[in-house]
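So, here's a batch of structures to check.
In what comes next, chain A is part of two complexes: it sits with chain B in the first one and with chain C in the second one.
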Partner chain A sequence: MGYVAVKGGNEAIERACRLFAHERTKGTSPPLGVEQIKEQLYLAADRVMGEGSLYAPDLAALAIKQSAGDTFEAAFMLRAFRATQQRLGYSLPSSTEKMRVVRRISSAFKDIPGGQILGATSDYTLRLLDFDLLKDDAARRRAFREQIFSSLPADAEIPETFPKVIRILRREGLLEETLSAAHPEERAFDITRQPLTFPASRSAKLQALARGETGGMLALAYSSMRGYGDIHPTLGELRIGYLPLTVPHPATGEPYVAGEVKVTEAEVLARMQGSDGMPRFSLGYGICFGQNEIKAISMAILDRCTRTEKPNCPAEDPEFVLYHIDGIEAMGFCNHWKLPHYVDFLSDLDRLRKAQEMARAGKQQERRRC
Partner chain B sequence: MLMREWLQKEAQLRNDETPIAGYPFGFMDEGAKKEIRRSILKAVAIPGYQVPYGSREMPIARGWGTGGLQITLSLVKPDDVLKVIDQGCDGSVNAVNIKKFVATVAGVTITTDTRAATLIQTRHRIPEERMSGRQILVLQVPYPEALREVEPSEMETRRMHAEADYSRMWLFLYEDIVKYGEITISYRYPVTVNGRYIMDPSPIPRWDVPKLHMADTLFLFGAGREKRIYAIPPHTTVEPLEFEDHKFRTENFSGKACARCGATDTYLDEVIDNASGERRFFCSDSGYCDKRRLAWNP
Partner chain C sequence: MSHADLTVLINTMDEQQVESLLELFANEELTVSRPPRTGLVMLTVKDCFETDFHLGEVLVTEARVVFRGCEGYGMIPGEAPRRALARAAADAVLRCSEPTGIQKDLRAFLEREEAIRETRLAEEAALVAATKVNFDLMPGA
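After this line comes the complex of A and B, so read on.
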């Protein structure tokens, strides 16, 4: 009987793994370099770093190559690698005003102090396939670069810092007080060391959101803005740039800049009634590694939604949101259904057969009584 | 098809005389445009009623005006004069983008002058200048459902419209007045069209709502993401929801004037000065503001 497949599991597994690696290598195209992924598919690498919660562009690119472009798997590898690394310490809080800005927009005000900086974005591109890209090569790239740089002014001045748009509203009392002032936390809750409990502290919530899965967060945020909830946000400011990372020196404790990380930050405004009864804007905050505007905006919306006093819909329930947005946990559980469930299923079968038997017997008895 | 053949076909298409290689006039195929025009006719016949339609994928993102764009593309003719505005401004990024696209696929003339345009696509504003019966205003709509605020389910809101069961909307407004002493709906103020359907006038400010009432112009509303088209035909009553003792009010700009053209009768944008942090006001309708300035210094 070929039904009982207990033996030979080891070899089958090994061959399946090797076949997966082979699938990626069987074409005739030249092997994809990790540098190429990092440079040319940088948005994929950024997304994987965010969801994998490890800022490591090279490793993210490697993970993307290895997983054949599956961003869930790639983020999973980064998370697993992260767990092997020793925790050296925590960085010091850093103001995003000091960010080296490459893109900054506001949809609340037409003109903002410091100006709107569109930066690199696909927002205004027509989504038409560019068949010229089929003929991409070094010479074309050189020509394209020359064309771009030849028309640029040589010495445009770049301001050192850009003021925050929300400051203007705060100054006028149109924005709720800062949350950190209302609920000070002595030190940040570390979700990689402690399990989430509810009500979750704000630092725990923001961490969970910062490493949540883009698609899942988008779906929940979209449900709220579309009608199952009532957060209709205005994007106070969205900025992308490089944030200096300051850490205390391990020996002296003096702060020093260890490097910088590329982040996307979103601040959304939604109307609310303040604790003093005055109508105000409230702030939703989102930040994530790399350039991932969908995720930062979704995070900011979910941050705001989950502060609603009486949750009316899934996106407003902090437990619902925080337990379901982690892509790595969700995909792991979803995939686990592929594992054998022979034992529990048999137990189900037994109960079902028994129940049917009882039902039939009951019906016969009833008939007899009539 | 092999990539090589694809490239050959592509090169061939590029030499054709269509406005943009490989794409038909007006981007969409004739069948799709006809289908949308039929939905528009139905919408015109039942003012304020949301007609579902097979919204197509556009090369701009959903939520960026694809509903308006599909209406524009299904109506546009080569001799049309097109104006596109975003928040009142002809030069806004999204307006520029849509304009560029329609001009490329339909070869139309572009204008910033409301009076000169035959077709105007807009996001969030109705031009200040009164429009004529020869013009069409196409509004981009993010949320076509005026009752969404009080009911998240589409099936339920369809029922409410069918039965003209608008009690929850009225209750919402009433509760707002009880809680805040004021109706807090700012833009997207709900209106009753032709005495029958409650309709979302798209996110125009309350300032623009009276312009819809008994107008000479045809207003078409397109929601691409939500796949709905609706319309206000010319000379149709459009009444904002209000109570006898609590009337509808527009935004108040009394005591303020445009810092560029001096207008005191237009919808104004608040702008914060870069250096001083001081606030100033400018006409939101940039085309109208430019025209007024030109009249001073020709």
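After this line comes the complex of A and C, so read on.
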């Protein structure tokens, strides 16, 4: 490879690395604590965990600090860290019906069993800068906390779990049949252990989508929403909450709850023609670590798009989608163009000069014939 | 609450409480059979078609402790060796079939923590519940 045909430069490289760290620390503001990032920039940490495919809020916050806020770099660091850790095992399969819900909405039905819970969201805020935040201090926070708790309705209660909205449609036979019967999988594919091949199994596809980069997935899903595809979805349900991480107890084999993991889940509905000629809604499924609604919805749309029988657009082609959504791989490839390509380029120059010589020679011959 | 559920309370205790809990075990015959180590657990979930797939890995710390021949297991998310040890010790003590005084003390300790946790969860749940919405359709819709 042309770009490894150089050596040296160690001192300059080391100084450049130190200069990068200096850029982050040269200002007069107090050092940014990892706890601050984890608590106050939690959506950034959530995004990094989802794209790094490692649930570790403290390390995600550290990676954001180290990368000076570059989420691609931070996700890369998490992915690299996971490679240094041993795999202790797999959890018992977790159903999202058991989720401790903190937000749950549907754009398909106004009234859903358990109700719509808006939760913590910026959906209804004006996208205008809040200059009051410039005066953020402990006293203001205390006052805000007191105010938010004092104004709570006395009868506000929330169920421990919520039934899935799609159950309503399933009960009435308005949803496509389950896919698992048509595409049985004895055990879930693990793309961290085996290379992704095509046609990809459903479990492999979902795992690849779950670790995809938010922007890349949104771009592809958006292309479908805008008309480069045939899927115009309705959000059946979006829920955010905490899933139990359950493993078998090594001594007893009984389920052992190690803790909980925050996730966002989306189920989208799209119309389809059933294989028996009966029109039914089809489903698209999305889920990711942390609170990342754009990613979960985009994943659900791409899941549905890539099940289109005759793909016509990039977003409907599973190979195209799954090979291009991994942010770490895409960023790595893009970044590698910055490495010296002197030998490749010299070869290109050489070929270009020869091609020009031949073109000139050809023109001269043409002129002589005339 | 089963004893396995009780030990999960250790996950959210503050650092001082974890140390107090470990002090509670100071004079007991506990042997660390596997010192705390970090590793990854692949979180497997079910999609809307009941297909199992791997969502991603979770960083955890695990440890094992033996108490009077009974092996206790501790696993908690993140890098937290002291907490993992505390969970393993608590699991071993609570699973021991031989009645001991430490079991009573440990249950009392964890039940106090459970009350704290329930208060905190109730506060969070109240904030979330207050955002329950009933949209009205516009006239003519």
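To be clear about the criterion, the second predicted complex is superposed on the first by the 356 of 370 C-alpha atoms of A that agree within 3 Å, B and C clash if a C-alpha of one lies under 4 Å from a C-alpha of the other, contacts with A are read in each partner's own complex, and residues count from 1 in each chain.
Definition applied: a contact is a pair of C-beta atoms (placed from the backbone, for glycine too) under 8 Å apart; a residue touches a chain by one contact, two chains touch by 3 or more.
This one's a predicted model, so the numbers in the text were calculated from it and none came from an experiment.
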*Of the partners chain B and chain C, which touch A:Leu32 in the superposed model: first, second, both, neither?*
neither
*Return first, second, both or neither, reflecting whether A:Ser91 touches chain B, chain C, both chains, or no partner chain.*
second
*asked:* Once chain A of both complexes is superposed, is A:Met331 in touch with chain B (first), chain C (second), both, or neither?
replied: neither
*Most chain A residues touched (candidates chain B, chain C)*: C
*asked:* Quick check for you: in the superposed arrangement, does A:Leu283 touch first (chain B), second (chain C), both or neither?
replied: second
*Determine, under the contact definition given at the top, whether A:Ala219 touches first (chain B), second (chain C), both, or neither.*
neither
_Looking at A:Leu174 after the superposition, I want to know if it touches chain B, chain C, both of them or none. Which is it: first, second, both, neither?_
neither
*asked:* Just checking: does A:Lys110 make contact with chain B only, chain C only, both, or neither of them? Give me first, second, both or neither.
replied: both
*asked:* Just checking: does A:Leu196 make contact with chain B only, chain C only, both, or neither of them? Give me first, second, both or neither.
replied: neither
*In the superposed arrangement, does A:Arg127 touch chain B (first), chain C (second), both or neither?*
first
_Overlap of chain C and chain B interfaces on chain A (superposed complexes)_ = 110-111, 115, 118
*Quick one: which bits of chain C touch chain A in the complex? Just the residue numbers, please.*
4-5, 8, 11, 37-60, 62, 64, 71-73, 75-79, 95, 123-135, 137
_chain B residues within the chain A interface of the complex_ = 3, 6-7, 10, 20, 23, 58-61, 87, 89, 93-94, 97, 101, 143, 145, 148-149, 152, 180, 184, 269-272, 274, 277, 282
_For the chain A and chain C complex, residues of the former touching the latter_ = 49-50, 53-59, 82, 85-96, 101-103, 110-111, 115-119, 148-149, 152-153, 156-158, 164, 166, 178-180, 185, 187-192, 202-204, 206-207, 210-211, 243, 245, 247, 249-252, 254-261, 263, 267, 283, 285, 287-289
_Please output the residues of chain A touching chain B within their complex, sorted ascending._
109-115, 118, 123-124, 126-128, 131, 134, 168, 226-230, 271, 279, 313
